[in-house]
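I've put the structures underneath this note.
What follows is chain A paired twice: with chain B in the first complex and chain C in the second.
Now for the complex of A and B:
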């Protein structure tokens, strides 16, 4: 992934050298042409094309934005309702993510969406302790996190 | 039940580089914009402090094996030498020489001895701050 991106940059700079055109426009044209060449020779690489990973990252951002809006409105509804009928609590969430980066990003995404908050991570960095503002059903909430964030992060890894 | 500092450590590994870049920008921006040696040194010290908070002192000592007292001394010496070099060329102490030089790639760049003085201040501030904090936090 990183190698392909660097190669694309190198092709871009080569294009700028050949044209003696040191502008942003020249770089972008070179980058697009380099991308075309990379697509044409994509069978050479052992890993899939980096565009797929980029797209997975964009999808993760979109999912996060959607969750942010939905949960913000849910919290706002709790704030303006006359009676407080929520059940705060802490539940554990066992994650299948492996690397430090993936677990950190998952924990940060859980923190950034209103209503849930990562309190701690266990020593083996597999179990997250999450505080939720309103738990109807802990398993359901864990399932929701699993389906949205964890799956998107896994997609980034496998892309 | 022990917990891990996973988030803090992973974030620190990246944030330290960003803070260091910013501190070097501030160090060189001192002539025409807000910034300079003192604030640059403090920002560098804060980046190092972030490492000390995220990891333990022995690990950081292995990663950055410098004695901060010596760093501070080198900084003060640099600042002093810029002053003495002005005396050597027959002008008053701490007179700064400022010149516009045409460097390759960079074009017209202003270079002055004030920059070297600022670097001395920077190193002195980093050395002093880190020495104070490390001697408070552990028995040395």
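Now for the complex of A and C:
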């Protein structure tokens, strides 16, 4: 992905050289034209086009923001309710993610989901111990994490 | 143009107000919640969103009324967004490691089991060595 991005920038700079046009607009036009060239020659790359990965990252950021809002409202509801009727607890979550940065992102996302907080990541970084504010059904909570976050992170990896 | 200014004015006011209310709720949560972990829930989530909203409101204000795009505010939003979940995680982990008890009405604790199992494994290994 980094190689393709670098290639695109190189093409853009070449375009600026050809036109002797050293402005931001010239760079953007060159970048768009370079992107077209990359699309035309995509069968020579070993990896898929980098635009796909960029889009997956943007989607992950959007999920991050949405979850922050949802979880803030959930916590606020617990804070202002007159009686403390939540049932906190710690549950384990097995992840299929492998590299360190993926597990890090997952842990950060879990810290921002409605009523969950990562407490510990095991030595082999496969098991996460998560403190939940309201642990009605831990399996359901884990399933939810799997479906939304893990899938989004896997999408970034595979794109 | 006039209506646009009014709309932006309301957006700034709403963003700052929303942020302040969430900061207040986070502070209330710190007082009301029974144990460290639940307090850390309140502190990481509500307070983060509150600070982000106040910063976003300030950014909008300076961008549209003073004509000054403040990159520092954007960077501040990014940094708070990145660091606050990590801080919450580290606080909770340090508390658990130094033996702070969960609330008495907590329903389950998988980590304690895992730690006990690990200790058992370690001590049995010691026995073998001896």
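Going forward, the second predicted complex is superposed on the first by the 157 of 159 C-alpha atoms of A that agree within 3 Å, B and C clash if a C-alpha of one lies under 4 Å from a C-alpha of the other, contacts with A are read in each partner's own complex, and residues count from 1 in each chain.
In this section, a residue touches a chain if its C-beta (ideal position, glycine included) is under 8 Å from a C-beta of that chain, and two chains touch if they have at least 3 such contacts.
All figures in this text were calculated on a predicted structure; none of them were measured in a lab.
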{"item": "Joint occupancy of chain A by chain B and chain C, clash or fit", "value": "fit"}
{"item": "Partner chain(s) touched by A:72 [first = chain B, second = chain C, both, neither]", "value": "second"}
{"item": "Which superposed partner A:120 touches (first chain B, second chain C, both, neither)", "value": "both"}
{"item": "Touched partner set for A:3, first chain B, second chain C, both or neither", "value": "neither"}
{"item": "First, second, both or neither for A:17, with chain B first and chain C second", "value": "neither"}
{"item": "Centroid geometry (CA): angle chain B/chain A/chain C, rounded to a multiple of 10 degrees", "value": "70"}
{"item": "Partner chain in contact with A:87 - chain B first, chain C second, else both or neither", "value": "second"}
{"item": "More chain A residues in contact - chain B or chain C", "value": "C"}
{"item": "First, second, both or neither for A:108, with chain B first and chain C second", "value": "both"}
{"item": "Which superposed partner A:100 touches (first chain B, second chain C, both, neither)", "value": "first"}
{"item": "Chain B versus chain C as contact partner of A:135, first or second or both or neither", "value": "second"}
{"item": "CA minimum distance (chain B, chain C), superposed complexes, angstrom", "value": "5"}
{"item": "Chain B and chain C contact sites that coincide on chain A, given as residue numbers", "value": "107-108, 118, 120, 122, 129"}
{"item": "Footprint of chain A on chain C - complex, ascending", "value": "22, 25, 28-29, 32-35, 37-38, 40-42, 44-46, 48-49, 52, 81-82, 85-86, 88-89, 92-93, 96, 102-103, 105-112, 114"}
{"item": "Chain B-facing residues of chain A, complex", "value": "100-101, 103-104, 107-108, 118, 120-125, 129"}
{"item": "In the complex, chain B residues that touch chain A", "value": "1-4, 6-7, 9-11"}
{"item": "Residue ranges of chain A in contact with chain C within the complex", "value": "64, 68-69, 71-72, 75-76, 78-80, 84, 86-92, 107-108, 111-112, 115, 117-120, 122, 127, 129, 131, 133, 135, 138"}
